[in-house]
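Below you will find the structure I want to go over with you.
Chain IDs A, B, C and D follow the sequence of writing; residue 1 opens each chain.
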Amino acid sequence: MKKTSVTLAACAALLTFALSTTSMAQNQGSKQTPESTEIYEPVPPVVTPGTVSANTSGTTPPSDATVLFDGKNTDQWVAITGYDPASWEKTNAGPLKWPVTDGVLYSTKGFSARSKKEFNDFQLHIEFKTPEKVEGKGQGRGNSGIFLQGRYELQVLDNYENPTYVDGMVGSIYKQAIPLANPSRKPGEWQSYDIVYQAPRFNKAGLMTDYAYVTVLLNGVLVQNHAAIRGTTEYIGYPKVQAHGAGPILIQDHGNPVGFRNIWIRDL
Amino acid sequence: MKKTSVTLAACAALLTFALSTTSMAQNQGSKQTPESTEIYEPVPPVVTPGTVSANTSGTTPPSDATVLFDGKNTDQWVAITGYDPASWEKTNAGPLKWPVTDGVLYSTKGFSARSKKEFNDFQLHIEFKTPEKVEGKGQGRGNSGIFLQGRYELQVLDNYENPTYVDGMVGSIYKQAIPLANPSRKPGEWQSYDIVYQAPRFNKAGLMTDYAYVTVLLNGVLVQNHAAIRGTTEYIGYPKVQAHGAGPILIQDHGNPVGFRNIWIRDL
Amino acid sequence: MKKTSVTLAACAALLTFALSTTSMAQNQGSKQTPESTEIYEPVPPVVTPGTVSANTSGTTPPSDATVLFDGKNTDQWVAITGYDPASWEKTNAGPLKWPVTDGVLYSTKGFSARSKKEFNDFQLHIEFKTPEKVEGKGQGRGNSGIFLQGRYELQVLDNYENPTYVDGMVGSIYKQAIPLANPSRKPGEWQSYDIVYQAPRFNKAGLMTDYAYVTVLLNGVLVQNHAAIRGTTEYIGYPKVQAHGAGPILIQDHGNPVGFRNIWIRDL
Amino acid sequence: MKKTSVTLAACAALLTFALSTTSMAQNQGSKQTPESTEIYEPVPPVVTPGTVSANTSGTTPPSDATVLFDGKNTDQWVAITGYDPASWEKTNAGPLKWPVTDGVLYSTKGFSARSKKEFNDFQLHIEFKTPEKVEGKGQGRGNSGIFLQGRYELQVLDNYENPTYVDGMVGSIYKQAIPLANPSRKPGEWQSYDIVYQAPRFNKAGLMTDYAYVTVLLNGVLVQNHAAIRGTTEYIGYPKVQAHGAGPILIQDHGNPVGFRNIWIRDL
């Protein structure tokens, strides 16, 4: 291989140009990437949850609850295409065809679930289990999500000995609020969410005059305490402020067959 | 009996005087009475709670919890005299001698219980049952209370088909916050409180610059959502603002033998 | 006039009945006295306000404000009888006949003022001066009040070297929130209130699911910071929870001729 | 100058290494671009502020305020290098050498200002004017910033008929909270900020258990109402959660000579 000799100064100039070009690209760029909004610390402490309110079959909802799934059918839901919140408002792919097996509803690739009824302030109870057979890692393992009023995602993920960015952990408001603890159960075990949600407030100009607030117990352990939700869940970029009224509960399909049961909701 | 005849006018005058005297007494008086701070409406709706997280024995606390009572002994507690918060700070009547029977701790007339440890922000779980044999009514039936940081009472009461003033119901922050629902179980059945508490903030002048906030599930049903506690629990008159640091959990004895079990607390 | 003769026994029975009825009423919520809800400490520190935003004539409102009084007339107001919030909803005594002298509106005994327009969330600016000639003391000196949404009173009082119960001071939410400071100007000097108000939220059962919140600057000094208003202003007894929508601004006449100017409000 | 000869291959290798290093950095949390976190709607309405509390010279602070600048000198400040919050903690470039001209303090390129004293909860008043001669546009025009506790930026910008992303407008908490209005005065006119700030709360794990909250009046018009600040101001990417105690006030130099006067702060 023939060597071509250049001056160090020329090389330095080239180097400088190359780096400055990169820098310029950053300044000009609008290449929003998912990683821009991942946070890696502080890491919430691992807590082994107690047996309270978990792994219990045969439980019943409060008398004033709307039952969204009681183990029998998907009558309270319609299917929507994909797992992109931006498109969910516009799609309705008809009846939800997620399988119900032994009283458990499983998310299936390609369709997410939207409740037929819409809600404002509410208390929501939902139980889930991620696949017992562990596949993938990080966000690729037991991923689903519960979208409050169709816009704000409470993350569902198998985070048992499976680290990821802390604003994307189970118990997080996805890319907005880090959970206070990681009380994940093992893959395949039933876990429970108890969620208290207050809808945001908007003025005539479409500006948010008060946040949505959410308090969440995961397996009986507090993970969010009156967390302020400032806008829509976005995979890339910042939460958006979009005025809205009542909204549905959405359950995301993220390509992992997550099981759900005992889903009920109370208007507050 | 001899009848004395008087004119109707004289009788009316006497009546007017009597009533006006009463009225004057009201205007002059400084007789603070308990009734001054009772509220009777709006009445929270009755909700039959589900079986979730209730009436379950053998449950265990999360791994990071401080266990205050595990069914065995009262080592985590001392006795204090009476049920008056004003005096509790000053008294320590030694070991708590409430009986532990079949894993249940019973409040006994004349002494209340104070935890040895003190807390700031916390999550508290506690289960209770009011006497199966119903005696008394209103505030006289199954009355106890859980004092957060030794000052702010979350009411314990048998409110099953037993109305009382709504700011004194089970699930109320006593005389400060009406519960959102009445999910009482029947007398003698186990009930559960899941409590999320954030301590108040005080400035150098002793003024409260942020409230204590509390969120409470009673039998899995939301009864307080980020309720603002503005001062001490007072039987008569308004809440007082008194700057303080960490404080204990107190369980009131109100003369009714209320049973407790499975008490644990997590620092937040 | 014909006299009707009755027996003394009958009169006594009537008297007894009348008194016992009164007594029963008292047990159900009375012997309520104003003093029951007065708090005397901690005492907010005295602060001498700066000249910022005070004693300045010729100021103008923001362009999007509704001007409620610009120094000329009372067209934006109606009169209401008395100073009792409980009766204000029901009365409309016609045009407000408070005198406007040299661009100043003076409260006059026997009528309070209600804005014709109603508001939800808002920013309110109002300037006031208490009588230069000091008469009375405590609550009897320069007393007026601004009722937010017609229900929640921000106290107006001459508190310059004039102590009173701290939950009734100028800058207090009357009997609900103690001010953080006492930046009173001298009697006869213009003072300013800058008020940010968020309306409460109620559910279908009539229960308050979120407080009204208020932040207040008095003479440019913070006296309330996101204070939670839990119910109606009551002279005797506890705040009441009453669901409502938009409401007016009321200015109380309390028998002292307090002057007002430069009143404007912005919908938020 | 002596030329040193290197091989092209060596130069290429160096170039490749340089670029790949940049690329690796991007994969570890980058391709993060500033634009990722810019929001462009909803646009806050333009409001022409009133003359209240503005363009007034000779005003004085409240008696309990710490005066940070009274028109005379920079004794309350030190210089810090650059305008990058990440580096500010570590730098102290000695006395602040910003010029004081006719009682006005001007930001100068290359150094920002840090108050010597540190604060927790506070009320801050500050007046500013952007250059009368308009140069640049968007974020390049009259840009400065006030960093609360040294971490959370309240944006200063000439937004008079100068649109930019709404979460970077004057009155915004930079890239976290859109202002409710745009009450900008013209370039060269004095504007005022009245800021009420409550510090965040952290637990032992370093997690934020309550937000910082801020309420802001710009030229007497509300632009932030109890806005929740969830983490540090970041030019690129998401706010970070970093536990801290008391912190200084920082005034950013962003290359535009912005004038400041009448800066005072009160501990709450």
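Note that contacts are C-beta pairs under 8 Å (C-beta built on N, C-alpha and C of every residue); 3 or more make two chains touch, one makes a residue touch a chain.
Note that the structure is a prediction, hence the values are computed from the model and not measured.
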Inset, instruction - Find the chain most remote from subunit C, comparing centres computed as mean CA coordinates. - result: A
Legend entry - Interface with more contacting C-beta pairs, comparing A-C to A-D: A-D
Legend entry - Whole-Å separation of chain centres (CA-atom averages), subunit A against subunit D: 32
Legend entry - Distance from subunit B to subunit A - Cα centre to Cα centre, in angstrom: 38
Inset, instruction - Measure off the straight-line distance from the CA centroid of subunit A to the CA centroid of subunit C, and report it in whole Å. - result: 46
Inset, instruction - At least two other chains touched by the same residue of subunit B: list those residues. - result: 45, 180, 198, 203, 209, 225, 268
Inset, instruction - Going by the contact rule at the top, pick out the subunit C residues touching subunit B in the complex. - result: 3-11, 14-15, 18-19, 22, 26-33, 35-39, 41-42, 44-45, 167, 175-178, 180, 203, 205-209, 211, 225, 228, 230, 236-238, 240-241, 243
Legend entry - Parts of subunit B lying in touch with subunit D, wherever the complex brings them together: 121, 198, 201, 203-204, 209-210, 267-268
Inset, instruction - Would you pull the subunit B residues touching subunit A in the complex into a rising list? - result: 45, 47-53, 56, 58-65, 123, 125, 180-181, 183, 194, 196, 198, 213, 215, 217, 220-222, 225-226, 262, 264, 266, 268
